[in-house]
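Pasting the structures in now, so scroll down.
Each of the two complexes below includes subunit A, the first together with subunit B, the second together with subunit C.
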Partner chain A sequence: MAEPVSVAAEYLAGSRARAARTVLGQVVLPGEELLLPEQEDAEGPGGAGERPLSLNAGARSRVRVVCGPGLRRCGDRLLVTKCGRLRHKEPGSGSGGGVYWVDSQQKRYVPVKGDHVIGIVTAKSGDIFKVDVGGSEPASLSYLSFEGATKRNRPNVQVGDLIYGQFVVANKDMEPEMVCIDSCGRANGMGVIGQDGLLFKVTLGLIRKLLAPDCEIIQEVGKLYPLEIVFGMNGRIWVKAKTIQQTLILANILEACEHMTSDQRKQIFSRLAES
Partner chain B sequence: MEEEMHTDAKIRAEIGTGCSPRGPGCSLRHFACEQNLLSRPDGSASFLQGDTSVLAGVYGPAEVKVSKEIFNKATLEVILRPKIGLPGVAEKSRERLIRNTCEAVVLGTLHPRTSITVVLQVVSDAGSLLACCLNAACMALVDAGVPMRALFCGVTCALDSDGTLVLDPTSKQEKVSTWLWKGRGLEAKGPESPQWDWLQEARAVLTFALDSVERKLLMSSTKGLYSDSELQQCLAAAQAASQHVFRFYRESLQR
Partner chain C sequence: MFMQRGLDSETKKQLEEEEKKIISEEHWYLDLPELKEKESFIIEEQSFLLCEDLLYGRMSFRGFNPEVEKLMLQMNAKHKAEEVEDETVELDVSDEEMARRYETLVGTIGKKFARKRDHANYEEDENGDIKPIKAKKMFLKPQD
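Moving on, here comes the complex of A and B:
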């Protein structure tokens, strides 16, 4: 019972808010607070030696950072709400401190505006299709949101079809709405996904990994068989190859990718390429 | 980034940190925890404290029935299933305690009109069951990625009849003391009679739920007789013990 206090103090999460920069790449737990870096004076608009007049002379100005998934603003600090690794991306151009976010593993999808997802049509009611996207509510899809659709020329969508679309409205207070056209009115790959093929579910982290630029897995898979593949940010992947056997092999590889190291993966690919 | 993102079934059966079984100084039992062991729920965890083991699964944020939806926050549901028999009133009351603790910690306002369901199954009960359920629920919520403002843990302590504190008691140490009639027949004799035996077990059992940010008290559930100062003593001991639990959480959540 008489624990030395010094040992305990180290592990008190949140009792000493750490600077966000020092924690990059480490695992953070919910409840921890992170300090934002302060603005440097050299960035004043007038050039060396000039500083913009601030009304509140006492307050130190902080850099404007974007708070990504897993973080919430609380006062002038960031509160961690999910467990994962803290990441940071520098701003491409302009001012601002970039984006901070927490890379966490999740199976359940929460709709986000702009995300491309694969949905399954569950109901047709009047002019609206109800599409199940794996979130807490089915999304609504209007029949006019397809390329070349007019009131006379309705799209051929049945209950049970797979739809690849993006969210135009997705916030916590409203029912999510999706469309199958982009802002110019072109389909751009979206719409009803064709016949055959296989739809399966993976974790959201794996999808992000596969969609990252220069993903080795996709390049290796592409060399194996000719295939069509659609990734939905809601954890769903649709895959189609020439034969059913090849489709199943591809599905198994992608599902297992998560748990394999890159060496094991290369082994399996080489074995498959031989056979 | 690839190698950091691996999630091979997340089997991290961690051994309890620094706390060997039952020394006079540190009195928490051996801990172990395993995450992501069930394929259907969005998050799952199994928590082991000595011989007490609880399996938790979390579904959410998912669809909610219109009758149960709350317009501005998530509806949290806890289901606790005992090892044998049908769930009874004791399970219902524990469910309510766990639900109130989770509601204080989960950021429900980020997911209004959804439901977050925590399902707990008692695999084996050897004392400190409520604390073990709380720990399992916390690990499962973290595994599911439900946004939380802090982590929480449960600690149980038992007060002996002479005032000694036992943290994380076994079921034998938890039995609140009682008079045992070892005489014969139904004579209406009082406790002074030699045929009554006083079981030297716990006089009171207290369970606390503490949060990880400032060790604040989230929930307390007590049974038995204790004085004001003893309550403060138990609370302080539980706060000290919770540091071990949070350190164990941190180690087991490092990938």
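Moving on, here comes the complex of A and C:
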């Protein structure tokens, strides 16, 4: 891990912008500027000399690029704002360019529109609930934002309940607002999370790792015993199993698996399977 | 002036212009050169949903919560179905079978609505097939 960082530091000392394509998968530090593919021809190091002549030299095709979390637009380049590894996703279909983002790690959640989170109801005032989502201020949740809720048919939500919902408004200028229905008015699993179970907090990066489509940890956990898990993008996980002991084992596994290698994990699972 | 209730239209216009001048002098404005907003082709998004394909956040295993397990299939399939959009509708009944059914259907339903006199048209052959319809007996005018 020390090597890529020292290489990055050298570059920073020279303050030359690197091409984003060459840095994929490497550690980037805040303050670095990255060049997008189209700009490499003119501004790359050692530009003059052997460059293939393109037929339409004048017109550079402007491809729309999305800069994701950890990156900002800085003129025509990308500016890194978080330290982590640079990632890229090719566009599936339609508009080209793809997405660049920085795979960073943090514990503090910042509300983002569209994220599904687990919140705790802290107050009930009039027509809205105040829900703590782990951000800088509590989100507001209207009582009409539940499936089948009308002015007469109010949802059964008490202070202290756990809510699984998504943000509809989340920016730095306004109070975050969340709802428990989707754009069609269906709940889709959102709403009050049932009784019992255990809520605990993990890092944001672990949530994304566990929710990846090919996550082995979740597949192995699912074979242990009947259980239910809810993942909130704000770093909160709620688990429930048939007995308290099983619930606690599950919570401990999920918390610890961030720092375990896959071999250590398999050892623990095999030990559990025996007992 | 003759039949003049209000001000003249010209005087009105002059007064309006003067008012506008006064108002625009009072309005504050920034004395800066116009900044051209370049059409940028980089879009900023703070959400991880675009970057990584993440699964649905609620999970249940080994039948602990059947509703959530149903939801898991639904939501994760929806996520994959968005990529594969070509789906041909499977025919339940083939065209040939449809034609055969129609053939027999016409006769049986027709029988229901036929009057007594028309029952002759629907008599069945030895094989059970309906006989071809005979020409109707019409009035023939005598030829003297």
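Following the convention adopted for this analysis, the second predicted complex is superposed on the first by the 238 of 275 C-alpha atoms of A that agree within 3 Å, B and C clash if a C-alpha of one lies under 4 Å from a C-alpha of the other, contacts with A are read in each partner's own complex, and residues count from 1 in each chain.
Heads up, the rule we're going with is that contacts are C-beta pairs under 8 Å (C-beta built on N, C-alpha and C of every residue); 3 or more make two chains touch, one makes a residue touch a chain.
All figures in this text were calculated on a predicted structure; none of them were measured in a lab.
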Notebook entry, point to check: Aligned on subunit A, subunit B and subunit C: do they clash or fit?
Noted result: fit
Next item on the list: Could you look at A:V221 and tell me whether it touches subunit B, subunit C, both or neither (first, second, both, neither)?
Entry: second
Notebook entry, point to check: Given the touch rule stated above, what does A:G31 touch, subunit B (first), subunit C (second), both, or neither?
Noted result: first
Next item on the list: Please indicate which partner A:S275 is in contact with in the superposed arrangement: first for subunit B, second for subunit C, both, or neither.
Entry: neither
Notebook entry, point to check: In the superposed arrangement, does A:K240 touch subunit B (first), subunit C (second), both or neither?
Noted result: second
Margin query: With both complexes superposed on chain A, which partner does A:A212 reach: first (subunit B), second (subunit C), both or neither?
Written below: both
Note to self: Once chain A of both complexes is superposed, is A:K107 in touch with subunit B (first), subunit C (second), both, or neither?
What the structure shows: first
Next item on the list: In the overlay, answer first, second, both or neither for which of subunit B and subunit C A:I229 touches.
Entry: second
Note to self: Here's one for you: vertex at subunit A, rays to subunit B and subunit C, all C-alpha centres; what's the angle to the nearest 10 degrees?
What the structure shows: 150
Next item on the list: Examine A:R85 and indicate which partner it touches, taking first as subunit B and second as subunit C; both and neither are also allowed.
Entry: first
Next item on the list: Note down the smallest distance between any C-alpha of subunit B and any C-alpha of subunit C in the overlay, whole angstrom.
Entry: 11
Checklist line | Contacts on subunit A seen with subunit B and repeated with subunit C across the two complexes | finding: 72, 110, 212
Check: Which residues of subunit A touch subunit B in the complex?
Finding: 1-3, 8, 11-15, 27, 29-31, 70, 72, 79, 81-83, 85, 103-108, 110, 135-137, 172-173, 203, 205-206, 209, 212, 216, 258-259, 261-262
Note to self: Quick check on the complex: what are the subunit B residues that touch subunit A?
What the structure shows: 1-9, 25-27, 36, 42-43, 60-64, 107, 110-115, 142-145, 147-151, 165, 167, 211-215, 237, 240, 243, 246-247, 249-250, 253-255
Checklist line | Of all residues in subunit A, those that touch subunit C in their complex | finding: 36, 62-69, 71-73, 76, 78, 87, 89, 92, 97, 99, 101, 110, 112-116, 164, 188-189, 208, 211-213, 218, 221-223, 225-233, 240-242
Margin query: Show me the residue ranges of subunit C that touch subunit A in the complex, using the header's touch definition.
Written below: 40-65, 68, 71, 75, 83
